[in-house]
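Chain naming follows the written order as A, B and C, and within any one chain the residues start at number 1.
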Amino acid sequence: MLNDITVGQYLPGKSAVHRIDPRVKILLVVFYIVAIFVTDVFWMYGVFAAYVLGAALIAKVPLRVLLRSIKPLLFIVVFTFIMNLLLVREGELLLQVWKIRIYSDGIIYAVRLALRLILLVFGTSMLTLTTSPLSLTDALERLLKPLSIIRFPAHELAMMMTIALRFIPTLLEEADKIMKAQKARGADFETGNIFQKAKALVPLLVPLFVNAFRRADELAMAMESRCYHGGKGRTRMRILTLSWVDAAAVAVNLGLLALLIIFG
Amino acid sequence: MSIEVKNMSHIYMPGTPFESAALVDVNLQLHEGEFVGLIGHTGSGKSTLVQHLNGLLKPTSGTLFVYDVELTKKDADMKFVRSRVGLVFQYPEHQLFEETVEADVAFGPKNMGLGGEELTACVKEAIQRVGLDYEAVRNRSPFELSGGQRRRVAIAGVIAMNPKFLILDEPTAGLDPQGRDELLELVQDLNKSGTGILMITHSMDDIARVADRILVIDKGRIVMDGTPGEVFSHVEELEAIGLDVPETSRLRMLLEKEGIELPSDIFTAEEAASYLCKLMGGGSHA
Amino acid sequence: MAEIVLSVEDVSYSYASMDEEDVKALKNVSFDVERGSFVAIIGHNGSGKSTLAKLLNGLFLPKEGRVLVLGMDTQDEDLTWQIRQNAGLVFQNPDNQLVTTIVEEDVAFGLENLGILPADIRVRVDEALEAVGMEAFAMAAPHMLSGGQKQRIAIAGILAMQPQILIFDESTAMLDPMGRREVLSAVRKLQQTKDLTVLWITHFMDEAAQADRVIVMDGGRIVMDDTPQQIFRRADELEQIALDVPMSVKIAREMQKNGVELDCVPIGMQALAEAVCRLK
């Protein structure tokens, strides 16, 4: 049943990590990403790994969920690792097998980049695992609001994301239904080469788009009749207020910043 | 026998925290040319059940024969089964996709391997059977037709596959009274020409009037199976599982309390009125 | 006579059509609605009733005539938001009118648009959810709810804006019988306890039978406007314009044809059974 799908990978909870203001959380993740790419001291990666794992522990995010988040990017991590290993021709020559030469710097670069990528995925995953998509959207809108001076459509983007999140489950359910209906008419979505398969999708995609446009039309009408007229003069029910959790999170990060400045 | 279901169960997402039994030990036989009504409230398992009958869903356990094909076997001929058992989903007009009505109706039979004049002929027949003017609509886009017409085109797309048994999931949902009556007539006509019908509906007055047999499903189990007269005499049981009963059945129950007996198989206003008049001594009320 | 909260004065409306001339959806429609009343508007598909709904809160503007909501003309652009806040519209498809992924955020949507203070929004959202009996679902995701529950959320979203008039544009057409009952009884309760005026557009006769007043539309015109009892006396006329009449009325009519006259037009089986017993 498609009823149970959730968008993103949010794990609801009430931990301190969950309760960090989403705006603060986004900024901290940005700081974290910059930091792991700035530092090239190896034990600092250990510090950052401990930081992320500590956060996961507090948020009660199971380690296996966190590890799983690397899976889609594993190929890129391995690929960049091998490329660095093979292509860097600096430092000491450690090993030569036929035409393949491995240098000491190659190992260092390869390991460093792999660590950075893994830490990057861990950090961003912690953000999406502990923050609901709606809070993220909301926080992004508020963070980007100052940019509206240069006509950056922060509110419009956030509204689009909200609506997308709302309708993805509905559309998936509908896709499932249309697919079944066409199967009942003998459609075959499984066999054939890639071109035949792509062509077989037409009876699914056309109704899906037609229905999506109809939905969009009706939704626009419903929003207008609920007095929606863009972001101007709009208030929000949810007030985001900073608390001691945010102060603590910022303090931890100031500590990391200090380490970063002292040791590079 | 057209369709035979033996001890069939279906469990959604087995082995996960979301595990739920949608069908429990269902036994069912559907016969050639029958008109069967399937009633049950939302979530009772009726949509899950009908999706098994043409192989869209596989049972978790039990067996299922459709025109002598054992659907539960791995090498079951799905094409054959789907040409024998047609399934019209709820709001079927939302599945139209072709540029013209003719092309859309042709989609099913084409998938069955039909072509050339044979295809044209069966598309034409299907469009005419749903009460549309073939010459007038064949080259029109389905999207510019009215809602009721679109639904007919979608049904034609299933009829064109010439099924021996036609399953319809709430075919009258969202239609106005006239559209509803016309569609019911269409289904009755199909049945008269020999097509077996299994119709899911919430409209008890209608189904009681047109069906030979009513199946009641609750929490994934078939809890009643009989003629409309038999099934709808259980007003209290049906209401207890959240189902409506035909208005005439309600009247029968109300009058029974006052000591007036009505037969249980009366479902039209004409029958009810003439019976009541007879009881009243026909016109001599003064 | 009670205060008039809504008046439609000689309104005509037409759609631009791709083929040839414009399609006239409404022709010289006039009626007034009194405060606190429950008015059903019935008609078959294409009779103009949905167009009418969208004219009542300024989503469409009349081509001729005018619509006054609490005395405010919908043509006046400065009053648009005030009109929509006072005349809330609930649509047919429960899926296509909820905007956000959390129920309570959705109920807050209208209030946020009106620029209400956050603390006040909170209070009004909670009250609205309670009024439709959905407070337990405040944090639920709309796609996990049943059709009837989604419509109650949509109603809460309108209710939170504290309107005086609620307009329902076939809001039960896509629901199962349980959902229909659930929504209709929630609306009836609101109408009676909160002094709201309700316009209930439908093609279900049994729903129209529960109203104080029924307006029947056909071909873009009002063809009848009376109490349900009086309307159902004209069962033959209703059937001519492709409308149904309740089974109880049909039976009474058939009995009359057979020469047995009941002493009333029975709306509902209870009424019919009682009338039959009185006859005996």
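What we mean here is this: contacts are C-beta pairs under 8 Å (C-beta built on N, C-alpha and C of every residue); 3 or more make two chains touch, one makes a residue touch a chain.
Remember, it's a predicted structure, so these values are computed and weren't measured experimentally.
S.K.: Does A-C or A-B have the larger number of C-beta pairs in contact?
M.R.: Looking at A-C and A-B side by side, A-C shows more C-beta contacts.
S.K.: Name the chain whose C-alpha centroid is most distant from the C-alpha centroid of subunit C.
M.R.: A
S.K.: Please work out the Cα centroid separation of subunit B and subunit C, and write it as a whole number of Å.
M.R.: Distance between chain centres: 30 Å.
S.K.: Distance-wise, how many Å sit between the C-alpha centres of subunit A and subunit B, to the nearest whole number?
M.R.: Here subunit A and subunit B have centroids separated by 45 Å.
S.K.: Mind pulling up the subunit C residues that touch subunit B in the complex?
M.R.: Per the touch definition, subunit C meets subunit B at residues 44-46, 146-147, 173-174, 176-179, 203, 205, 242-244, 246-248, 250-255, 257-261, 269-270, 272-273, 276-277, 279-280.
S.K.: Could you please specify the touching residues of subunit A with respect to subunit B in the complex?
M.R.: Listed in rising order, the residues are 1, 4, 174, 177-178, 180-188, 202-203, 206-207, 210-211.
S.K.: Looking at the complex, which residues from subunit A come into contact with subunit C?
M.R.: That would be residues 3, 6-7, 133-134, 162-163, 165-166, 169-170, 173, 214-215, 218-219, 221-229, 233-239 of subunit A.
S.K.: Show me the residue ranges of subunit C that touch subunit A in the complex, using the header's touch definition.
M.R.: 54, 57, 59, 81, 84-85, 88-89, 91, 93, 95-102, 104-105, 108-118, 121-122, 125, 141-144, 154, 157-158, 161
S.K.: Within their complex, state which residues of subunit B touch subunit C.
M.R.: 41-43, 146-148, 173-179, 202, 205, 242-244, 247-248, 250-251, 254-255, 258, 260, 269-270, 272-274, 276-277, 280, 282-283, 285
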